[in-house]
Amino acid sequence: MSSMAASWTRLADSSGLVRFVDVALRGSGQVMFQNNPLTGLLFLVGILWGAAAAGGIQVAIGATVALVVATGTAMLLEVDPGAFRSGMYGFNGILVGVALPTFLRIDGLFWAYLVIGAMVSVFAMDAIATVLASWKTPALTFPFVLTSWLMVLAVTGFAQLRLGGIAPPALPHVESHAASAAALDPAFLMRAWFQGVSQVFLIGNAVTGAIFVVGLAVSSWRAAVFALVGSALALATALTLGASATAVASGLFGFSAVLTAIALGAIFYPSSLRTTVVAALATIFTVIVQAAMNSGFSPVGLPTFTAPFVLVTWIFLLPHLKLAPVPHQRLAAATDGRGA
Amino acid sequence: MSSMAASWTRLADSSGLVRFVDVALRGSGQVMFQNNPLTGLLFLVGILWGAAAAGGIQVAIGATVALVVATGTAMLLEVDPGAFRSGMYGFNGILVGVALPTFLRIDGLFWAYLVIGAMVSVFAMDAIATVLASWKTPALTFPFVLTSWLMVLAVTGFAQLRLGGIAPPALPHVESHAASAAALDPAFLMRAWFQGVSQVFLIGNAVTGAIFVVGLAVSSWRAAVFALVGSALALATALTLGASATAVASGLFGFSAVLTAIALGAIFYPSSLRTTVVAALATIFTVIVQAAMNSGFSPVGLPTFTAPFVLVTWIFLLPHLKLAPVPHQRLAAATDGRGA
Amino acid sequence: MSSMAASWTRLADSSGLVRFVDVALRGSGQVMFQNNPLTGLLFLVGILWGAAAAGGIQVAIGATVALVVATGTAMLLEVDPGAFRSGMYGFNGILVGVALPTFLRIDGLFWAYLVIGAMVSVFAMDAIATVLASWKTPALTFPFVLTSWLMVLAVTGFAQLRLGGIAPPALPHVESHAASAAALDPAFLMRAWFQGVSQVFLIGNAVTGAIFVVGLAVSSWRAAVFALVGSALALATALTLGASATAVASGLFGFSAVLTAIALGAIFYPSSLRTTVVAALATIFTVIVQAAMNSGFSPVGLPTFTAPFVLVTWIFLLPHLKLAPVPHQRLAAATDGRGA
């Protein structure tokens, strides 16, 4: 593996095209904080698997197109080379590329719309990263969330675009929870556990979730463990609080919590008992924020995307808690190359 | 009084437990900007009075539990000692502790939920204070507002928690104002005047309001005066503009305005004619923002909490207006111990 | 012209009253970034024309009163003299002054309400400019947007104020687009093109739009060209995506895009091919954000005002893209006199 990685790095150094592919794949990997092209490739494989299993591969095509467009846009804009090379300008693009085919029908001007979204995600990334660099805090997936909210919300105003697979706007109401009794079935729990991971890319497929975990493991065992533990903790929290079993089964209470768990448990704070306790509290709170945002966005009919993860992780990262000797150094690396 | 205060300080210096109680009580007092344990104690007495008069003391228990949990969490996190000792990490917790028993039913997992909210309020405080320190502007009660919005909004998604005493989500509509004729009755005005103060802690009880004013007066006559004048000005503004008499009588147009009046008139800017005029404009505008947020939040069925106060006070504090020789020094003290 | 301008400058230097008028007119001109009293005067003429054509001149009176009140408030507060003299404290006021008569009925306490709004716009400007100075990014029209949102939203809570000429709150729904066939009529296109410019001041009148373009041209040919090209591009984008022909004809998809095009194409970034491409992308995206915000605000029944322009321009300005040798110097001038 190590010699394969070395060969790939040599290839990327010598060929512009391979370097572009390398940067794009790292962009895919950065969705879960991994600056690793193999991780990114496995994430694309997981997306393709999930898309094909759901009866169409447009989500995988959308992901690839948007990843290439976002990476290319960043290249043309001559953004910071270090951040570019580590994939920091691609991960919001690929997420826009899975979100739009998931919530819009693939007709009319769909593909042009997706290209615009992928391009805008690069400017949004740079804008938000510039603001947050003041507090040495990373933009996380907020550029994707903001861009996708605007692009999905705009669709009702345009005849050449159409929504699909999204609940209509409604005032918040108390969920019925009749199906909760099913929750203790082991097959249900296993499915919900892995779909919590797969939903990071808006895909409800346990095999995809497993592929994502493998993708994390080839780059960081710690990240893979926190993804699985985070998904399990989210599942336990959602079931304990009495969330809708259908939503839990689809992983919809898991994906933001998985990202919070990886970010706080394995990436931005160094490992310690205290870090782990804080990450657990943040993961539980992410499940609560997921329910809050589900309710808060229902009058405009928008999905939350990964906004619960973004909000909670900012709340727990901004204090730069002295949880161990050198947290600031790691945080500085996360805002790579940006002046405060 | 002064020698009692000196004895208490000596006691707090020598005993860890007394020091903890001292810090917690200062946290209670900081809801209205008073770094004073006696003020905080009187606020708790006022809460207990109001809760008992309303037929239950869960609100007072919630306030106490959340205050202790938030203070303890901040202690375990080893936050800035100066800010900690002056109660800056407790006031958002106690407010979460009165908000949740007010809007949620006390059953199922209620108490666990309240403990999570109180813990999160500490992280939210540190995060928001970190951001606002860039402009030497205090976090005010926004950590409480944000935490409580999320925790109340989430309830509809969970079968083990239930809302109570809160209007269901609805599109904004023009209020009927039939009861406005009652407004000139002196008993009505007196009740509304003091409930404007008591609603700072979400309690509609004139005696509680009077206890709060006494609590302020033992720490700062100026703060007590601005609380009363602010409540009166808010009452006059709301009645002049034609707000619903029921809402006015309950103090619901007063509490944010009271906080704005104290903050701008007695705390953050030094005393002068110009300061007082600006504080009056801000207090009047707070009443308008209260109505705006009532309307804006109705589709999601959320109370505004003290968000009108927070928004207006930020608007009027951020410019650091040169309203007198040395405003920045006072503002710097308000963001105590945080690097810009 | 040049000698007239010189005479006016001499007059403004010698007379306090003329200087006040000069500053107020520059405030009017700054709505489209022109520090030029003649531009400001022509904008007022355009507003008067449009208001009279619509059967009333209250909008023109509102604009003038609010402009005077905002300018006077800033003078009394002794804000930064350089920013004051260039009209930076007037442009949000004049916009509040056209927005309130457009959406509220002129009865009851209307005029007192408008005066409060104009005064608050000055504090909001200073607050938002203070925050954004950290990233050398201008406040744009966000102080107007925020103030007007709050003041319009509050109206439903007050019997002495009434809404008029604004759609009631409703959940977002897919627009019917039956009228789209009419779109290729040249008279329609001409009307929509110029009303895209006139709607910057919330006026739907093609002659007013033409007067505004003349007003821009006397100060900056480049700004006038980008206004016209921006409006045309917005029109083309809205029609291509299938926006409602009625809204397009009224210029409602144009005004924010016009401001984005001027800001990014003619003001904040220096001229180059790359700048122009970026400005075009931002202008197209502004049309999408306009539709998104139309949908997002419908449950609370609020107009978007120029929020789409503000959001998109911030996204594209914050990165301070290295689009040519010296962009930062221009940006620094835009945040005139404010410490970072």
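Note that the chains are named A, B and C in the order they appear, and that numbering of residues resets to 1 at the start of each chain.
Just so we're on the same page, a contact is a pair of C-beta atoms (placed from the backbone, for glycine too) under 8 Å apart; a residue touches a chain by one contact, two chains touch by 3 or more.
All figures in this text were calculated on a predicted structure; none of them were measured in a lab.
*Asks:* What angle, rounded to the nearest 5°, describes the rotation that places the Cα atoms of chain A on chain B?
*Replies:* About 120 degrees, rounded to the nearest 5.
*Asks:* What's the call on chain A versus chain C, same or different interface residues, using the half cut on shared numbers?
*Replies:* Different; most numbers are used by only one of chain A and chain C.
*Asks:* Calculate how many whole Å lie between the centre of chain A and the centre of chain C, each centre taken as the average of the chain's C-alpha atoms.
*Replies:* Chain centres of chain A and chain C, defined by C-alpha means, are spaced 36 Å apart.
*Asks:* For chain B, give me the residues that contact two or more of the other chains.
*Replies:* Touching at least two other chains: 134, 171, 299.
*Asks:* Show which residues of chain C lie in contact with chain B when the two form their complex.
*Replies:* Touch residues, chain C against chain B: 77-79, 108-109, 116, 119-120, 123-124, 126-128, 130-131, 134, 149-161, 163, 168-171, 299-302.
*Asks:* Tell me, which parts of chain B touch chain C in their complex?
*Replies:* 134-135, 171-175, 177, 180, 240-244, 281-282, 284-285, 288-296, 298-299, 314-322
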